[in-house]
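Here the structure comes first, spelled out in structure tokens, and everything after it is commentary.
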């Protein structure tokens, strides 16, 4: 989905190219319980909900999957935007909950996730990952790290917790914008995308590739 | 989908992050007629076919959409790989054709495309785009340009043909690979991703965003 | 030299990292006749003049080298800034001329250059390079291409003129800026740096490396 | 200087573009005492020595500056290469010492540095910086961080020691290499360049810019 598709205000939003790569790494499956932590405008949660709708329609004749999407956001402004984007893009998907509150505190009441995206963690990354893995040791997590400090915190996760596999990539996107008869570069800020597969090494869940 | 999911041999393959962004820009819709020109291993065609399966399942109760996927590849080795990857990943999707031959020559016999991905054009980019737009002036195209010469050829397209909107982005991906207790960068070659929406300016099809 | 060292106003300036790489590729030598075409604030010309001062001091006891620096700029505002930066940084280097006018027209009256930096060419790149090579077929040129169109024009130069060797690099710089207790990326726009060594292939001047 | 100028063997070498930016941040001055820690092939030390020769020639008539260059390297192979490159490029600069040993241990015997480049620290970064700042609290340091772990260690330095100013940049260089009639990208691995100015905040030494 394009960035312009979302109602956004002044709230920071994961850019379309980063969202596409993050969702590809997340690799949602029918029946997923998905948490979007630090959901901002809800762009990742909305696009995830749309993918889940489609997947479940595909397997529907065989068995009735029921995915759930939880968008967690501490700022009131964000909560309102997420609701608007939900209404605009997935009005008929009934299992999309918007949670107003701080992570990790509000996470403990939610059902165990199969897939988690962390777009913002406000210094509480380790606590969030801990709750996720306590709920489901085999959860699949994708984190977007913008600052160097969040990147360092992600590396520390690798020492603190056990993962069956993981992947770290930096994605740098530059838009080439028309200026008269020229195309001028406009570099977006590079983002580190960290994928973590919960589970112990040799779990047979899958290995890093 | 991960790169390791595909059978590939020595044939160059669009890397997973670039594939994810390219497919997001392509924005497939139910009932699409999709051409993958210079399909290589077929990774883009396969992932497109999987998306189309899911989308059509979603709208199936309402109307019967029938998308079609055409993977065009001039090298015999590529053709065999595409068939293997089709068999591995979308064995039940019956509308996936593998065409062995050169573009644009072999394209004229195909049904008009709604969406086109050009991963390799072998110096014939302008001829390929011409056939596409003759078949469907409102087709949606995504091109991956790796060399500077292909990038220049893409810019020339903007002068030669009329588009309702377009977008050019460069995506630079760096993998951080474990080496003992360190993570060492391994930069992939940056790729320019060009999106072109066929149609004349002010078509109301949509504007650049 | 740091960007903050220069008086700049609203005139675009080559950023310090790009200036450092460009000057390294330029590889000035004692006695050089250096043209800075589209000099902007004069940051490249000033730093070149400082390098030349030092080099010539080193060889001075042996022979008296007399380098010359010409900063060519079409905008009045730029011309004033270049003069201010010259006064600030190289007040005792007497061979630094500021030329107010358009390239390539004003170039024909200047002495043959040994080294040329082209930071801005205003659509006249090919004409500028032609004058340079007519004056000195073995001149050493470094071009900064920001837009895709200038990059394409640089590639055309390779077909239009004969060079003993050349090099094309893209340099993407991201500053990590402190924001509270975090370091937030701020991507500068990537620049293509093109080095061209005048002369015919097999000239023995040097080969691409 | 170009990479091909150096004798290198299998020892990793700072690439020319990264060397140019690192030396620009280092901003050597006449009379500098320069340490190149983890010198590898000695490319940074050699280019520094050449700059110092030129600078000192320039100020020579006024006062007699005597810079010193120390290249520290733990591997025997590197030590031999540094000596060869010293002989090739700065045979007449008599104050270039090659030190075979481990940092920080071997550093304590050296004279206090004014400028330090750390290209490799082998896990001992904090210990090296501590010795540098004990010797000269106002030393100027430039670190090249390739791995995420070295980057994290650099950020920790900011909390552990006091600096008057600092700068962190990531530099990503892509070479465009001729392949037949095309130019194909070859991305070099991105490097973080960290500049640290020893001294306390408000020292008047200079502020971050």
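All chains are identified by letter, namely A, B, C and D, in their written order; residue positions are counted from 1 within each chain.
Going forward, a residue touches a chain if its C-beta (ideal position, glycine included) is under 8 Å from a C-beta of that chain, and two chains touch if they have at least 3 such contacts.
No experiment lies behind these values; they were computed from the predicted model shown.
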(message) What's the farthest chain from chain A if centres are computed as the mean of the Cα atoms?
(response) C
(request) Would you mind telling me which chain pair, A-C or B-C, is linked by more contacting C-beta pairs? (result) A-C
(request) Take the average of all CA coordinates in chain A, do the same for chain B, and state the distance between these two points in whole angstrom. (result) 25
(request) Provide the C-alpha centroid distance between chain A and chain C, rounded to the nearest whole angstrom. (result) 45
(request) Just give me the whole-number Å value for how far the CA centre of chain B lies from that of chain C. (result) 40
(request) Among the residues of chain A, pick out those that touch two or more other chains and give their numbers. (result) 148-149, 155, 168, 170, 172, 174, 176, 183, 185, 190
(request) Note which residues of chain B are touching chain D in the complex, please. (result) 146-150, 172, 174, 176, 179, 181-190
(request) In the complex, go through chain B and note every residue touching chain A. (result) 1-4, 16-17, 19-21, 23-24, 27, 51, 53-55, 57-60, 155, 167-176, 178, 183, 185, 192, 208-209
(request) Show which residues of chain B lie in contact with chain C when the two form their complex. (result) 148-149, 151-152, 155, 168, 170, 172, 190
